[in-house]
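We just call them A, B, C and D in the order they show up, numbering each chain from 1.
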Amino acid sequence: MAEWVGIGRRARRCYGFDEIALAPGKSTLNPEEVEISWDFGGKNFPVPILAAAMDGVVDVNFAIEMTKQGGVAVLNLDGVQTRYDNPSEVLDSIAKATPQEATNLIQKVYTTPVKKELVAKRVSEIKKGGGYAAVSCIPQNARSFGPIAQEAGADCFVVQSTVTTKEHIATKYESLDLTKFCKDTKMPVIIGNCVTYDVTLELLETGCSGLLIGVGPGAACTTRGVLGIGVPQVTATIDCANARDIFYQKTGKYIPIITDGGMRRGGDVCKAFACGADAVMIGSAFARTKEAPGRGFHWGMATSHSNLPRGTRIEVGISGTIEQILVGPALVDDGSQNLLGALATSMGCLGAKTIKEMHYAEIIIAPSIQSEGKMFQAMQRVGMAK
Amino acid sequence: MAEWVGIGRRARRCYGFDEIALAPGKSTLNPEEVEISWDFGGKNFPVPILAAAMDGVVDVNFAIEMTKQGGVAVLNLDGVQTRYDNPSEVLDSIAKATPQEATNLIQKVYTTPVKKELVAKRVSEIKKGGGYAAVSCIPQNARSFGPIAQEAGADCFVVQSTVTTKEHIATKYESLDLTKFCKDTKMPVIIGNCVTYDVTLELLETGCSGLLIGVGPGAACTTRGVLGIGVPQVTATIDCANARDIFYQKTGKYIPIITDGGMRRGGDVCKAFACGADAVMIGSAFARTKEAPGRGFHWGMATSHSNLPRGTRIEVGISGTIEQILVGPALVDDGSQNLLGALATSMGCLGAKTIKEMHYAEIIIAPSIQSEGKMFQAMQRVGMAK
Amino acid sequence: MAEWVGIGRRARRCYGFDEIALAPGKSTLNPEEVEISWDFGGKNFPVPILAAAMDGVVDVNFAIEMTKQGGVAVLNLDGVQTRYDNPSEVLDSIAKATPQEATNLIQKVYTTPVKKELVAKRVSEIKKGGGYAAVSCIPQNARSFGPIAQEAGADCFVVQSTVTTKEHIATKYESLDLTKFCKDTKMPVIIGNCVTYDVTLELLETGCSGLLIGVGPGAACTTRGVLGIGVPQVTATIDCANARDIFYQKTGKYIPIITDGGMRRGGDVCKAFACGADAVMIGSAFARTKEAPGRGFHWGMATSHSNLPRGTRIEVGISGTIEQILVGPALVDDGSQNLLGALATSMGCLGAKTIKEMHYAEIIIAPSIQSEGKMFQAMQRVGMAK
Amino acid sequence: MAEWVGIGRRARRCYGFDEIALAPGKSTLNPEEVEISWDFGGKNFPVPILAAAMDGVVDVNFAIEMTKQGGVAVLNLDGVQTRYDNPSEVLDSIAKATPQEATNLIQKVYTTPVKKELVAKRVSEIKKGGGYAAVSCIPQNARSFGPIAQEAGADCFVVQSTVTTKEHIATKYESLDLTKFCKDTKMPVIIGNCVTYDVTLELLETGCSGLLIGVGPGAACTTRGVLGIGVPQVTATIDCANARDIFYQKTGKYIPIITDGGMRRGGDVCKAFACGADAVMIGSAFARTKEAPGRGFHWGMATSHSNLPRGTRIEVGISGTIEQILVGPALVDDGSQNLLGALATSMGCLGAKTIKEMHYAEIIIAPSIQSEGKMFQAMQRVGMAK
């Protein structure tokens, strides 16, 4: 796996979704008979898909609708929903900004401080609507927001930063003790993001209920360009799934891993499960729904950094409802709708009856481009060639 | 062949047509003296090319014309030809739809049920016109349509689905027993599609007369994007050809394999034979003929799925007759016409006197793009650069 | 070098110019002191570059001018120069044809038969002008045109077809015996094209004075797309240079090999020499000269095939004189002019004093694209991105 | 690392910035607590970034401003600053030239000879403004300009050519003895450019204070296209860093290496340090500043060659100040601004407290394109796709 990249230095070749495909096995199944539900935090969810904690994707209403569909949406406690009593105006202004103005406007909007009372209020609103209240913040805010959210009745807490490790070194502030935080928090805690075997093992020992896998792959994220950091999702998911299995063998505890980011189409979702994911977290595809607060736009969590923005506002348009994205009917043929139908059909074609059997589907290396023909087809699809 | 794609997980590198080329050998032949005919179902066909069972490609008239040229065209029994007494109107409306409307219209058109009397009628029409009547349907319809087609005088029956395996597991309906179906059917049966050595061996044991090789490569097919499933045709053809040869060594029965999909130009056809194909099945190139019912358009068989369309209507235009596509004269220089001339010339340059000798031509790995120069040339061809 | 491309089948990875680069060595030289002349047919030529036998590149006048510059131009005896007393009109009409009409027009123009008296006339005209008369034809015409050209005073004869092997099998006509032809012909004979070690060794045994290396790489050639055949020039040149050296060790005869096609810029020419070429043959770059008869257009020799055209008329424009292409001054910075200056400077940077020392320059594998940055730069150059 | 590229010939696979990424480690750090300063010539500089000796990037004023920011700018003594008393008019005319005229105009502008009095004057002007006076010239001019610059109070002298080796062979002029030059020069000497282990070791023995690493990677440089020469920066930096470490182990002298060219974004800068760079030299990013003399344009040093130009004038526009490029706030999200913030954040995410610890960050091979998805994203960024 490791190749020489210079004298005395080797590097692993890592793979992304577009570089692999799934190969059929020896039997096929009726897609209507496959089982795609997953267990998390002592509860079974029919839909193994989470909506990402992005301000263009999840608000209170979206979380309630996502719960109705059987999935989970995570509300960002560091964003516009907790900075503004009425975030509609702000979201309107972001949607109306020109591409040139967008990053600066987002930087400015996020200088208004978070109001703690809004943290509790958003949780209560989701609960009142019958929703599953999953909320997230960065490690620096977890000690403060965690208890407030818990008090307000939240169901799940997500501690999320670009790269999370058990050990974070700082002399100017006290680092968050993740083990203590998981112990002190009564609801299930998800930690992220990580991409390596070692860190997965360490984070699983904190007592968390789930891990987010992925650094740098999302469409609205420019971490790789700005920081040079990123691990493609196929290798990241396989490595972390391996650590999950080892941890399960040692402890008897099966903690699900959630591949987060970089899945544009149903095929990418299917590949994530074949790589070992128990669930997937998706941003862009949900940003396209009528229910999303972004009005056809979305942007990464690091876009708002005042000194070093690491995200882009992307115009995705509005193309369907949450229900269409999840169970169809698909009005388009590009794989961006009916993700659960795609997953079930893929599992049927591959002979996998459950997500755990899907973890053993055969992966092949088969770059989707790298050839004139595929390039031509890609260009045709984006209207660059006939 | 297998490389590490993550900790504890290996994957084979598979290859597509654009990633290989054929290298000349030690002698050359006069192209006019090569032999390209193939044997199928106890009959010798001068042309080792089949037209795909797609509604934009084959109707009764097309099948008759293709027979005159020495080849075989397969009529789709699940499509517009058997759903509508007069399919012309429907085909007109599909051709006139805007790109935005096309998928939805195709979904709607295919909700009209198949009329069994039309199954028999189409077969009879082909026979009356002197054509070789090859017809196809999905496994669920085979027990019903097979006897009707046989009764009506069909010459060949194709059972085709995205991924076909000998074992298909379902509790809600009875799976098709392929061995029994082949035994009960008096005409030769072709089964497809498959892409692996193991499944090829199992399917050959059903008593079929031919296999279709290919999952996900065609231009009008989005299986890879939607389901994540696909095996590039070079590796798929080599693997299945190997199984065919092993089966022949064991049983003395030589069952031809037909590479289906992903061949845009003469060069791709030549490569398929060098990989071990006995014949090839082509869609897009024939959709461009004057005889094709698609009026310059074609679409994949899964485009019509009501809940999860997996195909695209592609505008290919009309650029020649079946005869021009097969034996020229080519009016264009891009390899899309005179496919048999290209095959014969290629065999001459490679010193292969027969298709079986062509199976031993030297393959090299030589990506057609991956370089600025080739990219530039590709862009020139599609008018993106000067 | 060989990788598995399917079960039981391996293939060599072959490389093209855009996939390699040259790495500096331990010393550098003053570029003005390197030696780039080459020996061919008992004569020393200051310029190791030949102009290709293409109708858009070489006519009588071009050959005379090329001789003045120290190089060699090959006149095509199968083309318009010997089919028409006054080829100007024909060349005008080809230049004025629309892209749609071009292939058909070229097909039609080449149906007029070659006049043997024009073979002799063109040779005489070159000699009268003080030029080195190198002429070429396909193997089928060699027995007829060879003696005529020799009689008329030709200096060099080139027998050229897409793929040439010592053994050509045909029952309907008598194959050209290359050994006999070389023996019977008093002037030096160049044979081409070939791309493999084995065939190079066999062709060197015919008694020829030079070999052309290259199948399918040229910009105006669509052999790879139409026939699937092609070997990238880096591997082809290295393999054939190895055969040349083995032949030299066995026989004491050093027969130069000439890399033919696929070199767009000075850098490609430098790489060809580093791969082992003794000289290079170039088409497109010379088609751009004021002296070229193509009026800013050129096309491959197989473009004219009536049934299976395998070339494209490409508009290259007119950008300088033969002198500028060879020795500058370059008015552009893309490496298409002052090829000899580029070669000398490259040799200086690499510390190679002679072409034979250049054969030992270090090659590295470094794809020129395959990365977003390089793709972006390529797009900038063709005006697709800012 | 070496692969067969032809019979009897192997080549190393070398890597560029776009083909690798950095993978997070086991701990993270507060980015505000990392240490990025570097030591050069007995002095500590807070900013490990140098501005390249290009006429569109550095003039007297730019050098003074760069010093204020803690970095170093190198003034080109072979360019317009020393050829013209008032270079403003010349720079204006270059900026106003059409793309067609630019190369020719630059060729013409550089025919005016360098005035030695301007060498001294520019150094004095930088010193008077409180700047660190680093100046550069080609080896042929070093013996003449070195003493003049030293006399005028220069702080650092750079001897730079496309490819520099300790041994340069010439009979028509006396080669520069680099060891003698370093000995005779009292200020620290930087030599460049080199890309290999062997040459780095030899050049370190000359007594220089720093080395420039990089041949052919820059955006304004066409060396690879014109001469075929180039080594991608990841492999070049790793190889040369290895030689630096070996030299340090042998001699106890730690001589910094400076990766020069090919870094477009913060991520590329981070990768250069992870490959072993002690500092980086950047052209294009600084050409975009308000302080740069190029008025939104820049061009390579070899663009002016009268006979063989090897550079391109590129329009980069004006997008910020030196301060914004270095420490932000970034107004854009593409990684081209706040390079030091990006470096510190990357080091924090990777758990590297110092540049020397950054040398041990994990590199992975993960091509940034090569896939349809990434290609699509790249096209979106340049406005070619939606």
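FYI, a contact is a pair of C-beta atoms (placed from the backbone, for glycine too) under 8 Å apart; a residue touches a chain by one contact, two chains touch by 3 or more.
A quick note: this is a predicted structure, and the numbers were derived from the prediction, not measured.
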{"item": "Of all other chains, the one whose Cα centre sits farthest from chain B", "value": "D"}
{"item": "Chain C against chain B, contact positions shared by both copies (same if over half, else different)", "value": "different"}
{"item": "Angular offset of chain A relative to chain D [C-alpha, multiple of 5 degrees]", "value": "90"}
{"item": "Approximate Å spacing (C-alpha centroids) for the pair chain C, chain D", "value": "38"}
{"item": "Approximate Å spacing (C-alpha centroids) for the pair chain A, chain C", "value": "54"}
{"item": "Touching two or more other chains - residue numbers and ranges from chain A", "value": "12-13, 15, 235, 268, 368, 370, 374-375, 384"}
{"item": "Touching chain combinations (by label order)", "value": "A-B, A-D, B-C, C-D"}
{"item": "Chain D-touching residues of chain C, taken from the complex the two chains share", "value": "1, 12-13, 15, 20-30, 32-33, 197, 234-239, 242, 265-271, 274-275, 327-335, 338, 341-342, 345-346, 349-351, 353, 362-366, 368, 370-377, 379-380, 384-386"}
{"item": "Of all residues in chain B, those that touch chain A in their complex", "value": "3-9, 11-19, 103-104, 107, 162-173, 194-196, 198-199, 202, 215-216, 219, 222, 224-232, 235, 262, 264, 268, 303, 306-312, 314-315, 367-370, 374-375, 378, 382-384"}
